[in-house]
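Each remark here refers to the structure printed beneath this line.
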Amino acid sequence: MSNTFGTIFRLTSFGESHGIGIGGVIDGCPSGIELDSEFVQSELSRRKPGQSKITTNRDEQDLVEFYSGIFEGKTTGTPIGFLVRNADHHSNDYNNIRELYRPSHADYTYESKYGVRDFRGGGRSSARETIARVVAGAVAKLVLKQLGVSITAYTSQVGTICLDQPYTALDLSQTESNIVRCPDQDTAEKMIELIKEIKKAGDTIGGVITCVAKGVPVGLGEPVFGKLHAALGQAMLSINAVKGFEYGMGFDVSMRGSEANDLFYMKEGTVHTHTNRSGGIQGGISNGEDIYFRVAFKPVASILIPQKTINKDGEECDLQIRGRHDPCVLPRAVPIVEAMTAMTLLDYYLLSKAH
Amino acid sequence: MSNTFGTIFRLTSFGESHGIGIGGVIDGCPSGIELDSEFVQSELSRRKPGQSKITTNRDEQDLVEFYSGIFEGKTTGTPIGFLVRNADHHSNDYNNIRELYRPSHADYTYESKYGVRDFRGGGRSSARETIARVVAGAVAKLVLKQLGVSITAYTSQVGTICLDQPYTALDLSQTESNIVRCPDQDTAEKMIELIKEIKKAGDTIGGVITCVAKGVPVGLGEPVFGKLHAALGQAMLSINAVKGFEYGMGFDVSMRGSEANDLFYMKEGTVHTHTNRSGGIQGGISNGEDIYFRVAFKPVASILIPQKTINKDGEECDLQIRGRHDPCVLPRAVPIVEAMTAMTLLDYYLLSKAH
Amino acid sequence: MSNTFGTIFRLTSFGESHGIGIGGVIDGCPSGIELDSEFVQSELSRRKPGQSKITTNRDEQDLVEFYSGIFEGKTTGTPIGFLVRNADHHSNDYNNIRELYRPSHADYTYESKYGVRDFRGGGRSSARETIARVVAGAVAKLVLKQLGVSITAYTSQVGTICLDQPYTALDLSQTESNIVRCPDQDTAEKMIELIKEIKKAGDTIGGVITCVAKGVPVGLGEPVFGKLHAALGQAMLSINAVKGFEYGMGFDVSMRGSEANDLFYMKEGTVHTHTNRSGGIQGGISNGEDIYFRVAFKPVASILIPQKTINKDGEECDLQIRGRHDPCVLPRAVPIVEAMTAMTLLDYYLLSKAH
Amino acid sequence: MSNTFGTIFRLTSFGESHGIGIGGVIDGCPSGIELDSEFVQSELSRRKPGQSKITTNRDEQDLVEFYSGIFEGKTTGTPIGFLVRNADHHSNDYNNIRELYRPSHADYTYESKYGVRDFRGGGRSSARETIARVVAGAVAKLVLKQLGVSITAYTSQVGTICLDQPYTALDLSQTESNIVRCPDQDTAEKMIELIKEIKKAGDTIGGVITCVAKGVPVGLGEPVFGKLHAALGQAMLSINAVKGFEYGMGFDVSMRGSEANDLFYMKEGTVHTHTNRSGGIQGGISNGEDIYFRVAFKPVASILIPQKTINKDGEECDLQIRGRHDPCVLPRAVPIVEAMTAMTLLDYYLLSKAH
């Protein structure tokens, strides 16, 4: 039951890193939406490996095949099945970990839970699984676009290199202009330098992605357990390597109530707030202001530096990870964050109509 | 659909701040559990208003009435209905906000979504709703206790006063020894001083609660969308005033992979990790180490300092909030965080058996 | 998870026959609905025991107390908690079955599943549980009324006494004019005679209830697993003592396709069918014609005639059931069938908006 | 949300009659199960078109491709994606119905609901969708086999030709020995004759399938809304063309309680009942006796005899259905009924462990 996301707009995903491919079923998509497959493919390209010098060089085209739910170019309201085939998997790279538990990977926990695991490339626990999310997210974006909702994420921190300005001070249209997906060019260059250095050292680094959704209608969110930010948090925390989520003022709890409160005012006949420390959500329901949040990613667990670990028999072993890995997932995670945001917002938009 | 939490162990809650009471239905509780109602009541007392000088002085006994699901002192596996009646509600305190939108409250969004709202004390959006969670969480704790799982939360930050040590360096048994629920007495005193000062000023302050779960069995967590930390995050973010969630290393992304990875070793025949930056969860599944996380709370939106706002007609107004409010929710939120943790862990424990 | 019904409009119910009462939580009810509590009470009165000479003489007023979700007489969109207290329970009547398994009751299966059971009056397995359904169904009817949907059920068969005309040949407004709730007076009298005779003999009898929903909008139903009739079937089969469900032509499979097909035609600008063997549902989706179906009820298992059975230790015993029981549940089940129909149709109406 | 079936063991299906194929995702399958793909294929062959003279002659091999969830021949606990490609679709046969609504088909309701429809072969509303159910059902059967549960369905009625004996008087091992799947050879021959005659006339006929599950453990079923028979009923009613469901004594309500009650007795240390009018389920929970039920199928709506209908513009039209259709779906529906039974029982078995 864990491989389905959403209540009305739902993605059920399947597939492993070194199996036949990654696929899914999108259910509950409104009918009559033009399925712009070029757009879907372009979203996949933002996620795909080998796209730059600071990502893994696994070479995948990540072409999506749609199997159903589309007729004469438009969605029909029936489920959209799809598959993205794996092409460039070097499964032999993983023979040496068949019996080992890689540190901070899911090897030990999957094997404990299921009694068996597909060890090739991490199997189902691989971030390659997020392909299905990007496909479904792209479809969700196509629907949201018609509603006037836009979603932009960007890399705001890599290791200790941090973009200090709030998103409102940035030109987010610059995000895609560099390979680390940071809208500030100076910071982007520093981040890229750091990642290159880290890569050279066979090491990895984490960071933070910031995401902004504009144009979200007032009224999305289901009190009390389905608060909109709780759904967004769950969505983000379900992405591989994510360790934290905050929205609005988040963990910055130094302000007093008198400083933190967002005062209402009218602008052109609609209600607005002067500040937006609420992050566009009050009482779990969107208030029409920008929704923004930050997502923390840990460094990739697959480092090329030798490590100590244990095998299935509990014996201590030396581990030398092979294979092709990202020194930093942030650049490729930007479209994934956007995809999960799009799916969540569309799902909650559809839910809000059922009142 | 939003007032139900959980998949197998489920709480459906109801009630408003100034209505008849707050209640709920616990479904899926295992049978044969001794329902220690004194324990449930003691958990409610940790949450109840008026318990100390730094909380609201609304005076509620918060006595729980159980209606079903218990026979001869034990749970029967059938749903447990309950109600906690409201006694000391001063609804007149809210007459002046009938037509106003209080800043950073849910007034505007509820009214936009539902076209109507029970404005007395915030109605359903009041944190009084969390009573139902504490009752269900107490029941969950009774079940978890038999499994050897214990859960302890504490106040680790109030405004800028921050407990710097990790939980492993603290004596968590001291948490209940002071009214702010911080296990370090020196820090606790500073926090209490700050809250008193803030209260005097008619203002409010936020902070952070840290929570630790020990003895959690290996194997809880449902890949891929039901990762255990995603469920915990959703649970925490559904609590009133919560703005962020992080587990394990969280937003501290300065470490490299070679520093962050938790190396495995054997201890007394079971697998352990030397460090625990994973926060007890790997690949979304518990690995047997302590689960720990941090939850950020914003300052209470109800301040006694006059504010500007607008009314339903979009006219600017002066707002003077009356009523009795917490200057800082952290002390009373500690048992709520524990309750949501208990419900989540028990739900996932039960789910893990369905394989 | 089994005590919640519905996806958007949801009832979570609790309570036992001889406990404090039967209650529930209605979630997802649209806001702004005038909660006509007299109507709710009148629906409960149609279900309550002791209403006539052919029902059990347990004497309950079945007064509903609403706890939340209503403000100034209208629903607010927040959950509606309620309780109907048990008054006239003679729990001592059940002391003799504490250790016994009554034939065709749920005693053995509940005890096997849960290891314990509240044996007083059948505990949770008692049909008294359906009180919660009637309350929620009454609320659903209030919403449906605004949509122009009406629902009428009636007793169409008791034992071998069968109302042969289709519902279209009956004056359904006569249903409530007699105590067996059969719209044809002659048949009603025969049914009443039979039930009286059966009651005198200490025996029980089953039958069939027919239900008709008029004014259902085109488009309700969620292909493929959520077909509207599948949801109605599940709803009916969840009622105590129900053994079968058929809609439209049902089990009457003697017709050929050329006879059974419903031909389309236009009437006043809308699509209609000449016949309605489809029962108002095609491909799992309502087509605007009347929805009608039949529900089979077995005879009540509690007979006053002595029976053989076994006890918990597997020893053969003589059983003499005491207590006050219905000789035939049909008359009181009519409002229950309507209630489940109303909840299902409203839930599917709300779901249909989320497209 | 309607294309997913089950709570723990879940099938999400996709695909249309004349699209690329029919596929699905099985989630929640226990790990370590040998995935006997020959068995899965043999189940598909029992369902496939063109298997005999009394089925449609659409020629499909219905070969299943598995995409994930299986490693070294065994299930891993991760989702099993699969696809069965369509080969022999004659989409041109449907050009003439592009603008028409076929009587008693889903054309009108799908178009009303979604504003668009894939008219080729009925699109998603085609019974070809049940392929996904047969695949998932076969996997469920493999798991159930290890638990000692067996499921057998058979054709018990075609038109007015009815198998009068109860299943206990039949040799169910003979079911597959004839093309109509009726275990009594004499009756089978009559049924086959009737279907041939009907086919020759360009007409269609319905009937009844009986299903028996043996070896079901005591304790499956989730009171109160998730009664086991309610789940089975919903499962059966979700199959194309099904109009009714009854279990145990079903619609045969002529017996009195004293005749209908199943008396308990002990046999070899376990509890049994002398009769089994309860159909193996009491209070919604399996009691260890055989579960049996009957499912009514209407005649196929696609007849070759000319019919009157209307088009999208509401104009009256003549309709001549082309394409290749079954004169009677019963023989091919037998494995579908079994598949839905298997999925339901396995799902409830897994749910019963989560207590």
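Chains here go by letter, A, B, C and D, matching the order in which they are written, and residues are numbered from 1 within each.
Assume a residue touches a chain if its C-beta (ideal position, glycine included) is under 8 Å from a C-beta of that chain, and two chains touch if they have at least 3 such contacts.
On a predicted model such as this, the values are computed, not experimentally measured, just so you know.
When the C-beta pairs in contact are tallied for A-B and for B-D, the bigger tally goes to A-B.
Ranked by how far their CA centres sit from the centre of subunit A, the chains are topped by C. Looking across C-D, A-C or B-C, the pair that copies the A-D interface, with over half of its contact pairs the same by residue number, is B-C. The distance from the centre of subunit B to the centre of subunit C, with each centre set as the mean of the Cα atoms, comes to 39 Å. With each centre defined as the average position of its C-alpha atoms, the distance from subunit B to subunit D rounds to 46 Å. Here the spacing of subunit A and subunit B, counted between their Cα centres, is 27 Å.
Residues of subunit C found to touch two or more other chains are 1-4, 7-8, 13, 28, 31, 77-78, 113-114, 124, 223, 351, 355.
Within the complex, the subunit B residues that touch subunit A are 1-5, 7, 13, 101, 103-106, 108-110, 112-114, 124-125, 129, 157, 159-160, 198, 203-208, 218-219, 221-227, 229-231, 233-238, 243-251, 253-258, 260-266, 269, 271, 273, 277-279, 281-287, 294, 296-303, 305, 307-310, 314, 316, 351-352, 355. Of all the residues in subunit A, the ones that touch subunit D in their complex are 1-4, 7-8, 10, 12-16, 19-21, 23-25, 27-28, 31-32, 67-69, 71, 74, 76-81, 83, 113-118, 123-124.
Residue ranges of subunit B in contact with subunit D, taken from their complex: 8, 28, 30-31, 77-78, 223, 350-351, 353-355.
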